[in-house]
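Everything below concerns the one structure shown next.
Which chain is which? They are A, B and C, in the order written, and residues in each are numbered from 1.
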Amino acid sequence: MVEEMTMSTPGRGLHEFTPAVRAVVAQAGVREGLCTIFVRHTSCSLTIQENADPSAKHDLEVWLNKLVPEHDPIYTHTAEGPDDMPSHIKAALTATSLSIPIMERALVLGMWQGIYLWEHRRAAHTRHVVVHVGGA
Amino acid sequence: MVEEMTMSTPGRGLHEFTPAVRAVVAQAGVREGLCTIFVRHTSCSLTIQENADPSAKHDLEVWLNKLVPEHDPIYTHTAEGPDDMPSHIKAALTATSLSIPIMERALVLGMWQGIYLWEHRRAAHTRHVVVHVGGA
Amino acid sequence: MVEEMTMSTPGRGLHEFTPAVRAVVAQAGVREGLCTIFVRHTSCSLTIQENADPSAKHDLEVWLNKLVPEHDPIYTHTAEGPDDMPSHIKAALTATSLSIPIMERALVLGMWQGIYLWEHRRAAHTRHVVVHVGGA
């Protein structure tokens, strides 16, 4: 089963969508298998991170912005705005696809793991994520 | 086939577990397929790296500790210790899941590739890794 | 279906091979499924990045070389040349495997996404990439 989902992001930061992925897995109805999540963009990405304390995702965002600042004089790819090239770099350093096994009809996520779309652009965007579920 | 394995890490560093993954693949008995490895934590991660010269994994560890130091004044997520927030960042920069094709009943790992659990916390930990094998 | 492909890289930089992956998917003939790409080396890696403006891949290369320079005094793994240890670090920060769902017999890549082998060594190399296609 393959399902495309559309998400609206309010701008930069980690936006959790674990419930939407769990819903696709439930609908697929496989007992044992593999769920793969893929983001169809190069200026946002995916990550699995702590879902308990919001300070963790805040710090991830601040740290990555410091590592990959806007207006670095090395950038030549500047036509799409000062936040575009940093977004591509951040996407390359994190994940475009993630795979999570399924056991007993559920994702094997750890207790503190949530699935996040990491928006790297400043403006609100509509993002497309594809979820594939295989198994039996 | 999905199998959960438990690993004890002695603290920070890259800990190889290629033989344990090969054992799951052998048990699954598929001739051609895909093996996916998933770690159920957000303060350790996975990587495939050189398994020949131990100096490579030593340098990876030292370099990443320099890039993501403890006690960075930007951290607000400090309740779980000075090594916790750096661990989440390191996990985001490396991998939570890895997929390796299977041909002729064996992982297609290159000659110098080993599969590692990268422990980012200072203390010893018990870690849970799930291995999925699909195919026929 | 699993297929190994051999690629010649002229040295450092992002080298696109999307058409070769599409050809394997077409040959596999699955309507809905999952395509996984795996690189059998630890001194080059995989990334999905913008395929429109070549300045984006140029900046990715320049930025990563600045983050992970040669001749860092922390390196002890130096026997294979000054570009070897930086290559392992760059591989750890990017991807060794990537998975892309297949819908209606095609990869669900976004309009601006291309699949790249990221060569991190200075010299030309022959690289081996394995593509697995599952589904029905």
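Here is the rule we go by: a contact is a pair of C-beta atoms (placed from the backbone, for glycine too) under 8 Å apart; a residue touches a chain by one contact, two chains touch by 3 or more.
Fair warning: this is a prediction, and the values are worked out from it, not measured in the lab.
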| query | Any idea if chain B and chain C meet via the same residues, over half in common, or different ones? | reply | different
| message | Can you work out the rotation angle that lays chain A over chain C using Cα coordinates, in steps of 5 degrees? | response | 120
| remark: Between the Cα centroids of chain B and chain C the separation in whole angstrom comes to 20
| Residue list for chain A, restricted to those that touch at least two other chains | 34, 67, 93, 95, 99, 134
| Mind pulling up the chain C residues that touch chain A in the complex? | 32-34, 47-50, 53, 55-56, 58-60, 62-64, 66-67, 93-95, 98-103, 108-110, 112-113, 134-135
| note | Seen from chain C, its contact residues with chain B in the complex are 1-2, 4, 34, 36, 38, 40-42, 67-68, 72, 74-77, 79, 85, 88-89, 91-93, 95-97, 99, 128, 130-132, 134
